[in-house]
């Protein structure tokens, strides 16, 4: 009898060990006892998620934590797929626009990712795990774009979403025709100045790209046939991405507002044999939802922005619902580091404006943007086999009262609200220490200069206090951008 | 061999001969300008850098080169001997990044070259044919003030633009500009600062990087196309002449190092990646956040020029401006970069990067040594490693026979702020360095000071033997 | 009871008809309503289950449980619904800004730095498309403040003009206006060493000393204006009009220097707030702080001087890199706990409808729900001296009432019935019209 009790006790202890000991096997994580919003197959009350090596290994209501797993107790909390922001400009070093030429496809966001941008962390704290980092909207054809995961603390090389196709930004309407900011005196305004010219720029660029591709195809053919002494065509960094668009290897994300310009781009795309992947903003998309659906493009829109520009004057907060109604895959995006922190709130608005169900509202910021970005095999829902990109809230994320508690990417906790709060004192102390140290050094320097009785060096009038803090042979400002 | 001469003419001839010999000897002992060409510094402590220090040694200089160095060295009879007792001889210091000798850009008046470029074909801010050696102004006061502090060599870099030109290695002494030049085309500096202005290309960092990529692609195309054309002029369409492609191609064929800007971690890692993509022989300049990525730098094997102008709080800035933690950390840790690089095995040199003068340079070096850089490593970074990065370690950067006679002779440890520089040799030219006289009180005249040049600067060659 | 049910159905029919009318119409005929059966949140006491609100001649006539309903009252069945005072957005450019990128539609910021005599009510466009959209989301009254900015505008001059309070319904400003001049807007000058130079398209740094000098000049100039206004007031009081030249600008400042009209000082940075408080104390002005993004750094000072804060939108980024990520979200709660009166505002026009969202986010991060409701319905009225007319469901107050299908701060909640100035008001608006129109678009031919 005693033996049995002893054995039972041992077994009981062994069962409890994972809860007590925590991460012995950090590759295995068990989120337990939450309301799991899978997005694809319903909500699971008192559900758990098992994560192994960064992937979702199991989801259900009757799971047991394996031994050695790190436990995240999410009792009373809600777990949803990490938010995917389909239109973001965070994490960029320098300007997001190469606004000089009308076609700036040579510029590539992937060259200038800034992993130190604090907005990465802030958006992470808003539940965002993946973002489509786009070039700005200053050009009819803008720069190349990249999808990243918000892996705060990792270097730039580890941000891109592996396997996601690269993109390129197009822009239609008022921005690329620079209607809303005056050209300074003495500067020639850049063509195009009307929507007429916007179309022409795009068509012309693709005509050149077609010609360029042909030159290379010809050259490759002749070379393969054994021809000698062939001078190859020049490589053109501006046209290469356009060739990729025509070959279906690069997604087109087109910023647009007016219904007519959206139809224009569908027509142009057809002419050159490619499809627009997403229409971004697409605030008048509701007027031509059927045409957009037929084109196969997704629509990535704002929840309720309107009236800030003429082309946004017919924007309505029912845009997402109406487009979705007609079969367009719709996502709601931010285009703004703050808006990205509240995408759960923005998605919820479509329940009020257009009557979307709660799950359909969630899709706007999870599965749908994943489909649009071609990453839905890996992200966008809580399904076995997908990446463990998750956001844990203290209540239903579609409530204005929901607060993100933790955000995970690839099964790693990248944001933890409690940890953030706990670290503040330490960081403040470190800051004060460094400030005091600098102050002391500055005072010591002053004393030193006094005792040296240095003859006053006349400030060099020629040298302006430069942005970079230096004169000769400066390479730039140290520290993170912005 | 003496010839027997007729007795009557012997005295005249002998006199003439003696005079000729004397003059000839004097001429060969001196340079064309009347300066001596053979020197010996005797009985000094010699810090060779390429070998262990020699406590009681001698360096012999002959015609601009180091002829011999050691503890038991024969001093040629024609050598002018400098008593090295109590003195230390170091290799002349190398400042691996300056614009000494080049005209400064008028502030704010650029970038005329970049504004309005519609695209890469306009080659905005691209003048790789500008060679610093061709624009050297030897009346730059910094030449003297750097030299007085022990710098004998500098990489002087043209500025203004994405491809501003080609940098030159100069020795800080000579008569005509050409005398200064050690290697006229030592490197191709690149800047990633956008130059475009409003509606001008490029006006963003990514546009600038894309532009550099295109230029390198175009240069590679030219390198491939031009020989094909030359070999088959009757069968191929003529390859047009484009100055940038032509010049850059030559530079890259000559294995000139490409200087890429990289100061913070992001820039450094990006530059490493771009170096791999572009397949260029690169050296990074800036490097101040190297303390964070020393391991990555080491495995990339890319050398770094570290800017000694450590980041500081802006002097004329808002006193209430929030200093954020990352800036504070950078300012605190940047001086630790050289030590971190040394520890990780990264090849690096130091450069003045816009510091006002050598005094500030040494103060900056002190901050680095205080933060863990050993004095030996500091010295290497300012001598042999700098020469190595610049591809000139066979002739600069240490005290070894055959190397150019660039030396600095001090009365103590060169990094001690109380130490005074006594002599400097540049290409075997001797400069005797005098202390700066204390600032005059108005009305007080010192004997012998008629033009007020109280800050004794040795003139090359004169004052010898004073 | 059956009779009541019948009349409710008839009322429903009448209502349906009225809701179909254009957005800016209010029912002309009935002026007597009874909202019954809902949970009534008066904000002047405990909530009343199954309460009744009687409205007559534009005012609230009575509130309570089991009140007798007058025979001529149009009955609104609020069973299962909630009844609240309408929300109040105290800093907007409502009616002064139609499309922010189109300057022809902007009347927010006049040229010049000193425009105390300008009054927002002069130029508010009662037919602005923003008005029906905003009230459909539960905001019944606003203050339009000249010289203030939304996310899409540049801020105006130092003394930008007088803010006006008005209801979001009426054919003309005369019908809408609550109080023509509720505050003098002052955009506190800021010391900015970094600026964006469009000519070279780069960030320029200016030496602090230069910027500080300009800043001091501006602040001194503000002080000079106040001094001259005092002299002018004296001259006006003591002298005959023939002996002094009428100065509209100084005249407008007289109520300010005499403490009768508060100054709404827009300032976000801690130093600016500190300096503004200092200035207003020295000048003896009644200060209301607008914006206050770093007000949390000046809590003691604001509390000590009893300065209320009309907050910039809660949903914004922290001011500095090192500021905790949730500081803007927790600030309302922090200030409330410190005893500082707060009110939420949108600082905008098209986003005035986000007012409840800003309040809701503050609740998520610690502000008690009741206080949040007050901060969107009542506190602004108190801060701007309109508490006798607005902010609670109490007899005698303007009947600005919303009936919702849930918590007004929640994102899914809809306004079912809207009363402004005691009139049932349609919630139709441009957005809904376009929605209805394009919903009906037939499938295009292939």
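We just call them A, B and C in the order they show up, numbering each chain from 1.
We adopt the following convention: a contact is a pair of C-beta atoms (placed from the backbone, for glycine too) under 8 Å apart; a residue touches a chain by one contact, two chains touch by 3 or more.
Note that the structure is a prediction, hence the values are computed from the model and not measured.
Set against the C-alpha centre of chain B, every other chain centre is closer than that of C. The chain pair with the larger count of C-beta pairs in contact, out of A-C and A-B, is A-B. One finds 65 Å separating the Cα centroids of chain B and chain C. Between chain A and chain C the centroid-to-centroid distance comes to 34 Å (mean Cα coordinates, whole Å). We define each chain's centre as the mean of its Cα atoms; on that basis chain A and chain B are separated by 45 Å.
Taken residue by residue, chain B touches two or more other chains at 196-198, 203, 314, 316, 325-326, whereas all remaining positions touch fewer. Multi-chain contact residues of chain A (touching two or more other chains): 184, 427, 431, 465. Shown for chain C are the residues that touch two or more other chains, namely 198-199, 205, 207, 321-322. Listed in rising order, the residues of chain A touching chain B in the complex are 92-101, 104, 106-109, 111-112, 114-116, 135, 143, 155-157, 183-184, 187-190, 229-232, 234-238, 427, 430-431, 434-435, 437-438, 442, 455, 457, 462-465, 469-481.
Across the complex, chain C is touched by residues 196-198, 203, 314, 316-322, 324-326 of chain B. The residues of chain A lying in touch with chain C in their complex are 118-119, 121-122, 125, 174, 179-180, 184, 286-287, 289-291, 294, 304-310, 312-314, 316-318, 322, 325, 337-338, 341-342, 345, 348-349, 351-352, 354, 398-403, 420-421, 424, 427, 431, 465, 467.
Listed in rising order, the residues of chain C touching chain A in the complex are 98-102, 129-130, 151-152, 198-199, 202-205, 207, 315-318, 321-322, 324-326, 349-350, 353-354, 356-357, 360-361, 363-365, 409-414, 430-432, 434-435, 438-439, 441, 443-444, 446. Considering their complex, residues 97-99, 104, 106-108, 116-120, 157, 159, 189, 191-194, 196-207, 209-211, 213-214, 217-218, 221, 224-225, 228-229, 231-232, 235-237, 239, 261-267, 269-270, 273-274, 285-286, 288-289, 307, 309, 311-314, 316, 323, 325-332, 334, 351-354, 356, 439 of chain B touch chain A.
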